[in-house]
Structure formats: C-alpha cells, structure tokens
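As written, the chains take the letters A, B and C, and residue 1 is the first residue of each chain.
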Amino acid sequence: MTTMQPPAAARPRPTGPPVRPIRGTRRSWTGWGFIGPFVLVFALVFLAPLAYSGYLSLFRTQLIGGTTFVGLDNYQQALQDGRFWEGVARVGLFLAVQVPIMLGLALLVALALDSGRLYGKDFFRIAVFLPYAVPAVVATLMWGFMYGTRFGLVGDINDAFGAKLPDPLSPDLLLASIGNIVTWEFIGYNMLIFYSALRVIPHSLYEAAEIDGAGQWRVISAIKLPAIRGALVIATIFSIIGSFQLFNEPSILQKLAPNVITTDYTPNYYTYSLSFSGQQHNYSATVAIVMGLLTMIVAYVVQLRGMRKGA
Amino acid sequence: MSSTATTVARPTGKPPATPRLRPPRRNAPRRSPRSILLTALTGVVLLYSLLPLLWLLISATKSQQGLARSFGLWFDGDFALWDNIVETFTYNDGVFGRWLLNTALYVVVGAGGATFLAVLGGYALAKFDFPGKRAVFAVVIGAVAVPGTALAVPTFLMFSKMGLTDTPWAVIIPSLISPFGLYLMWVFATEAIPGELMEAARIDGASEVRTFFQVALPLLAPGTVTVLLFTTVATWNNYFLPLIMLKNPDWYPLTLGLDSWNKQAATAGGEAVFNLVITGSLLTIAPLIAAFLLLQKYWQSGLAAGSVKE
Amino acid sequence: MPKYTRRLLRGTGVVCVLALGATACGGSGDDNAPQKKVSSADLQAALKKGGTVTVWAWEPTLKQVVADFEQKYPKVDIKLVNAGTNKDQYKALQNAISAEKGVPDVAQIEYYALSQYALTKSVTDLAPYGADRLAGSYSTGPWNAVKSGDGIYGLPMDSGPMALFYNKKVFDKYKIPVPTTWDEYVDAARKLHKADPKTYITSDDGDAGLATSLLWQAGSHPYKVDGTKVGIDFTDAGAKKYTGTWQQLIDENLLAPVTAWSDDWYKGLGDGTIATLPAGAWLPANLASGVKGAAGDWRVAPLPQWSKGADASAENGGSSLALPELSTNKELAYAFVAYANSGAGVQTRIKNGAFPATTKDLESKAFQNTGFPYFGGQKANKVFAESAKNVPADWQYLPYQVYANSIFNDTVGKAYISGTKLSQGLDAWRDASVKYGSEQGFTVEK
C-alpha cells in the first residue's frame, strides 16, 4: 500500500530479476515459509479490499431505498461517464508532457554525473536527490505558498522586479504547476536510478569504444543508453502509474484553486469525491477498477514497445 | 507482470559470472577533464532542487506578520526561527511533539516491519523454487496499478470491523507491504547469496531458519539498508491512508497534523498559523534529510549493488 | 504447512468479504420504534451514575465547557475529539456510520448538513429528551435548521447572522460611504477599484455558503423539500436579483483575485486591498487571530439590502450538536449537549468568543454592550443581534446539501474563471444536484 503515497514515482528497478534455475535448490514448499508473512499481510491489505471493491461494484446503494444488485450497470455508466473520461484525458496530457520532461532531466543529470566531468559531483548527486525526502504534503504546501501572487514568491518577484509573472494557479497553468511540483519531487529519485544503472556498465565496453575512437556523444548513444534501457522502461512504467494515480498534489492545491481543480480533476480524485462526498461507494469502486485496468493496459503497451525498440 | 521483470534484462546477454558486489570501479578518469560549462548547466537543475528548500528554511525564520511583509528569498528584520520552533512544539498543548513520536512509531514498526517482510520474501523468491512463485510476483505487481483510493473505503470498512480504525495499527499494517522492497530484495538476494554457500550450510545440517539468519542476512545488509530507507520515506510521507483511518489527532502522523494546521486557517473561529505550518514542515523533513545524508554510503551502495545484474 | 497457509489465506479473504457485504447492505436507515420520553429526572440520574461521552467537534470554545462540565459532574468523562473540520468530519462520521463502529456519542453538525442525517435517521430525535420545550429559546434561523417535521435533531450551538465587515480606513481614505444596498455596493466597488487598481471591494471565488446565504437574504427559495420530494430552482425573482448584481462584480473584475482563506487572502484583509466581507457573526475571531495587523481598521455594518429600506438578513454558517443514532450513551450525551448549548455552557462559550443562538443571550444588555477592541470599541453584537432577528424563517436546504456544496465549484465556479454566466452556472449546479438526487432515490421535480 506504499503506492498510496508518492505518485509519479519510479521505483528504482534498473533491471528485472533473473528468472533462471536456481542453483542448490529444489522445488519445494520451503519458500512459502519465508514469503508467507508477506503474502499474508498482502492478502489482508490488498487482495481482500480489492475483492471487496469488485463485490461493491455490482451493487448500488441509495440514500432513499437501500442497496440493490445491479450487475454490470455501474461499469456501463463508467464507460459513458464524461466526467471520468475528462479526468483520464487530463492525466493523459499530464503524462505526455510531465513524464518526458522529468525523466529527460533526470537522465541528463545522471549522464552528467556519470561523465566524471562535473565539479563537486557528490554534492550534486545528494542535493538533487534531497527533494525526494520531502513528503508530498509538505512539498505541495510549500509550492502552494510560493505560487501565491501576493503573499508568495511569485508575488514577491512581481513586486520586486516589476515583472508580470502569470498566476500559476490560473486555469491555463494549473496542470503545469502540478507537473512542476511532481517533477521537483521525483527528478532526483529517477536520476539516482539511472545513475545506479550507468555505474554498473562493464568497463570493457568503454575500452572497446575508446579503441574505436568514439566521442562522448557516441559513447552515450551507442553504449550508455542501450545499456540502461531496462531502467528507462521501468522508470517510465512507474511514472505512468504515478501519473494515472495523481491525487495528493491536486487534493491539497484544491483549496487554493477551488474552481480550477474540480472534484473530478483526476480519475483518482474523482473516485475519492464519489466515495467521500457523495457516499457513492459502489460507483467509486467501479471507476477505480476501470482506471486500474486502464493503467495496466497502458503500462503493458509501453513495456512491449520499449522492449521491441531495444531488440 | 513478472514478464516485465524478465524481459527487461539488458541485451548484453552474458551468462552470469560470480556475484559481484564490490563497488563499481570505472569512470575512466583520464578521459574526463572537468567542464565548467557542464557543471553550470547541471547547476540549473541543482538550483531548481534546492531553491524551494532554501525558501522553506528562510521562511521558517519569519513570524506570521514577517511572512506577509518580506521578500520570500530573504530574511525579515525580525528573526523568529527560535520562537517559531518553540511555538511549534508548544502550540495546542505540544501536540506537534506527539505527532513526531507517532511518526517515529509508524516508521519503526511500519517501515521496519515492511523491510523485514521484504527481505524474507525477496530471499524466498531468489533462493527457493516453490509452487505459485510466479503467481505471487505477478499479483503483487498487478496490484500496484490499482488506484489507492479504490482500496481506501473497503480497507476502512474492513479495518473498522476489526476494530482497528483510529488506532496506530490502521496506519502500520498497510505500510507493512512494500512491493518495491520485495522486488529490490529479490534482485539483490539473487546476486548477493551464492548458492554454494547455502548448500554448504545445509550440508552442515543448519536449519533453514538458521541458514537465513546466519548466512543470508549478513550478506543482504546493504540491500536491507536501502529498502529500509525507502520504506522509511514512504511511511514518513504517508498521508492518504491516515487521513481516512484516523480521527483522533492524538494518533496523527506529522503530515496529517501539518495539513490540519493549514486547514485550520479556513474555519470559522480558527486561527491562522502559517508560520507554524512552515516551521513544522521544516522540522518534518529535517530528520529524513539528515538520515539520507548520514547514511549516504550505505543506501547508495545497496542501490548500486541492486542494479548489478546481467 | 504451506498448503495450510494457502487455505487459510483463501479462507480469510472470503470471510472478510462476507462480513463486509453484510455491513454494506445493512445501511443506516433502520426505523426506530417510537421513543419514550426521557424525563429530566432520568437525565439527572444518568449524570449521577456517570460514564464516558465521546464528542466530535472542532469548535474551539467547547474545550472550556468540557472542563467545567467534568468538574461539575465528576463521574462523567467527556472525550472531546477534533475529528476534522466540517466536510472532513462529515466524511469521517459517514464512514463510521456505514461501518457501524467508532460512532461518537455527540457530533458537531452544521445547519446546512443536518437534514441529511435527520432524513436517514442517523441522528436521534431529541424531542423526547425535552428538546421540544426549548423552541422559544433559540432564534428562528438556527431553530428551523434543527427541526424537521416534528423531530428536533440537534441543539443549536451557535449562529451566523450576517453583517457587512468593512475596512473603515479604506472607505475613509477614498471618502466612499459604506453601502446600504447591493446596488450601492457595486458602485462602491467600482469607485474603490478605480481609485486604486489593487483594491477590491471583496473577495469571492465561489463559495456555496455565501451564495446560498445571499439567495436566502434576497428572498429566493431555491430548494423545496418535503420528505423525499425535492424541487430545485434558481430562477425565481430573488435569485435573479442575486445573479444580476453579482454578475456585475464578476464581469467588471471587481472581486479580488485571491482564494478565500489562503495566506494571500489574510494578507489582503490586512493591507486594505480587500475592503469588505459579507459574512456571519463568527468572523471576528478569525480577523482577530489572522489579521492582527489591521486591528482598529475594521468595523461592522448591517448587510446591504436588495431593496432600499428593507432589513432582511440571512444566516451564514453555524452548527448544532447532534446525537448520532448509534450513540451508546444517549441520556448522558443529551445532558452534555443541553449543558453546552442551552445551559451554563453558553455563557462560557460567549466569553471565549462564540456567537450564541439563544435569544436570551442575544438580547441581554451585557452581551449587546460588549465593546470589540478589534473594531475600535464598536458594540458589534448589536448589529449581529439585530441581524439575527431579521432572518427569513422559511429557508430550506437540500437533504443532501453537503454533496451539493461539494460540487458548487465544479459548476458555479466556472462563472468565476471563464465566460460562463452566473445564472448558467447555477443551472448547471441545479442539473448536477437533480441528477444526484434522482440517483439517490429522491423524487426530484425538474
């Protein structure tokens, strides 16, 4: 359930776990003794609620009239729900713009660190990573203060320099402002994943390139990038999941931009509003399940494409 | 989705050599003259990362009035950092200290437990072949894609049936699961524990439990520190779940407490304490940042080692 | 062992789902048998016997009341819990009610939210406990809000008769008279903004509470509720007055471009760039704590009128204490609520800055003659008490107003940030409210 917290995170998993015959083991039930505790808690906090969501999605409860079984009606409603799809389109846009920027910057910093051409490399590495230690709540509160056009930093800059910075919380800019917060939180994190993957590229590969007289850029495009493709794909997939689950940032900024951040701003926020403001637990569960399926499909497609290019 | 894992392997395709855990040793130094231009360009990202933290640090030195009247990135004449810290800890009968202790409890039990479960599970996945192994990981990864809000209400109803809501357990139990931790430990354990070593222990007649604690666990230490730090961050930053599960502010973690102070300004009769929200934010992130800085060596080597694979 | 584990797992899952399924279907609409009367002797006995009462409330003045109460009745233990403010608390309360666990014995519920709980019978009818005898002791607005049919579903704790809070320094500086009608208000807005483009008459970025209060004052009746029959309409004469006036403020950019309750907003109230606020009588506490720097600048005037010479007002905010149906200790809970909201607790709370709903206190000399240092010594309570008397009594909220208010900014909010007209926004709000009402099983007239 750690997935409930920081969105847009890419877990550092540069490459996949090796699935190959394990030396010195035989197929037996012993492994369950070790993984059992994890699975048990997992079943309690993930599977049981998930099953219950599925169950809920087949019913409808009314303030007047109680609960009735409605079969797949809720799913039909969700597929035709404009408010839901608008939210999906919004996070889709967010994803298409924010994720490449964030991962691109993270990659550039990782490559710069790895090139060995930076002054004060260690300081760079830890400093860029620090925002990851800031809770999403604190990050959003902080940026929310700074976004203020009067009291905040934006207002200060306008006053001090006679500048006319636009209001970051206006309808046109709000999504970008959220993107900025998420980018700030997770650049360092992704950078570290890429950097870790870069560091373990076998030295022999560089030696070969050196003999061929390849320049820095050539080394990056021919050796480094292909070598960390796995890390890139995984970071992308987890950023996609994070974007689709966008919740903390909009829900805290909502107070500052109530007319822009509607209760259906992101699909996740929509399920939250349905459940907690509207008491529509059944429909909320349905929307969440549809969104979960959608996320899995997109992640899967990205993974397939990412891999095919590499082959 | 365990296929994700298998297909991501780098296309270098060499058979696995012996597990390599020594720090990577490259970075051909003679080809890397330091570059001022590159440093300056990367410096832009550095500035972007640090500027908000600097703003927070400076703002924490200002009183409520000072916040309104002074420039965001410079100090107000009236240096109130100490007063703010004292007030943060004494406001509302010192509830902030209580939140800090709560957070510490959630981190110790929640993140500690999550790490332990992940180490056990990762070890099982890496070193044992057992029925249902693939299914386990597929289900765990698949579940990550389900929006957290989908699980919130059902989890709440379940927990309240069990009498767990409004108790620390409601926050701790869900944080015991870290799919990423499990994954990382799987990768790490595969590389870090030679099969021969386990075999040798078994031949000596050591039980599985003893083999784990005496042979495997020490080898897994760097990965364990890494997982511990990441689960600590996740638990420390936990917001959504406590928001639903807890009503009694006496059990709030810091994030929820700060949020409630911020919201307080928007209630009839409520008091605006933005200076305390800011100072509290600084105090909330300080321990984490300190932990990251002090434990740098360990978690970075764990992460790097985790990515050693073929 | 592994096989066993697996079966155990599967078993756990099934049990959970079954157990939960039962709750979900259980709902909270059980009809209760007619209650029997609870005499004051019963209440006294309960107080003597003692016990624990859990109270969910965010009202800060209750803290002292609880302390006094526990001192007076040493065997009673009151657990005062701030379970979140308004919407957050309702979410928590609703969750606890659906789970049928962890429900408090007493909950603070705002007037606009109470009818939903009354309708679904999730709060207790207090008439049999003696609340019916208190009819005369509260001002009309709050009393009507807690009454539903013959039932009384909470005791009014405070009230928010509206007034116009204005920054006298700003009005003096530009020599603009304080508006007495909304037309004058718009004029004043233009003059102020012309004199200083950074100054705005007020800030409003779409607030369901303010909008409904102004509709209320304008004599509009947007909601007609009769049990489960609901009608919604924002096109009557009163609503037209409101939209006509407010649309001008929006179109001419006369509303401060800041979000209410943000730090920017507090700053604007302090530096004179937000010149007035039409709000309930609870505002002074917020000004005194959040805008310390402007102490002495602000004053209170009667709310501007929709037609010259009228004296209509409205309630804005205010809450009751109610007893959830699942409360386990109702007699003791009622004894506490009565103490806090109609007994000695009222005075304690007034002393700490709350605005009462009890007519006796509203009309008392001591109350009306209290000078407010923040308002330059003005006896502001006189203005508020006068306002409380002039609240039209026939206002109704929807039985699902909490939800309706939560989507106000989705719909009407558009009028504040785009070309959508306020009247169109209200229509969209109506449509969304109608849709929700029908989905929830209400009979909604369109």
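Quick note on the criterion: a contact is a pair of C-beta atoms (placed from the backbone, for glycine too) under 8 Å apart; a residue touches a chain by one contact, two chains touch by 3 or more.
Only a predicted model underlies this, so the values are computations on that prediction, with no experimental measurement involved.
Peer 1: Of the pairs A-C and A-B, which shows more C-beta pairs in contact?
Peer 2: Most contacts of the two pairs: A-B.
Peer 1: Please identify which chain has its centre, taken as the mean of its CA atoms, farthest from the centre of subunit A.
Peer 2: When every chain centre is compared against subunit A, the largest gap points to C.
Peer 1: Which whole number of Å gives the spacing of the CA centres of subunit B and subunit C?
Peer 2: 40
Peer 1: Averaging only over C-alpha atoms, locate the centres of subunit A and subunit C and give their separation in whole Å.
Peer 2: Centre separation, subunit A to subunit C: 38 Å.
Peer 1: For subunit A and subunit B, what's the span in angstrom between their mean Cα positions?
Peer 2: Measuring from centre to centre gives 15 Å for this pair.
Peer 1: What residues in subunit B touch two or more of the other chains?
Peer 2: 67-68, 130-132, 153-154, 157-158, 263, 266, 274
Peer 1: What are the residues of subunit A that contact at least two other chains?
Peer 2: 29, 32-33, 39, 44, 47-48, 52, 56, 145, 151-152, 255, 281
Peer 1: Pull out every residue in subunit C that's touching 2 or more other chains.
Peer 2: 2, 6, 16, 20, 24, 95, 98, 261, 263, 266-267
Peer 1: Would you pull the subunit C residues touching subunit B in the complex into a rising list?
Peer 2: Result: residues 2, 6, 16, 19-20, 23-24, 56, 58-61, 81-86, 88, 92, 95-96, 98-99, 101-102, 160, 260-261, 263, 266-267, 270-271, 280, 282-283, 285-286, 289-290, 292-293, 317, 353-354 of subunit C touch subunit B.
Peer 1: Given the complex with subunit A, which residues does subunit C contribute to the contact?
Peer 2: Going through subunit C, the ones touching subunit A are 1-3, 5-6, 9, 12-13, 16-17, 20-21, 24-25, 27, 29, 87, 91, 94-95, 98, 116, 119-120, 205-206, 228, 257-259, 261-264, 266-268, 273, 399-400, 402-403, 406-407, 409-410, 413-414, 416-418, 436, 439-442.
Peer 1: Which subunit A residues qualify as touching subunit C in the complex?
Peer 2: 29, 32-33, 36, 39-40, 43-44, 47-48, 51-52, 55-56, 59, 61-67, 145, 148-152, 155, 167, 169-171, 255-260, 262-264, 273, 276-281
Peer 1: Write out the stretch or stretches of subunit B touching subunit C in their complex.
Peer 2: Residues in contact with subunit C: 64-65, 67-68, 130-132, 153-154, 156-158, 160-161, 163, 165-166, 244, 247-249, 260, 263-272, 274.
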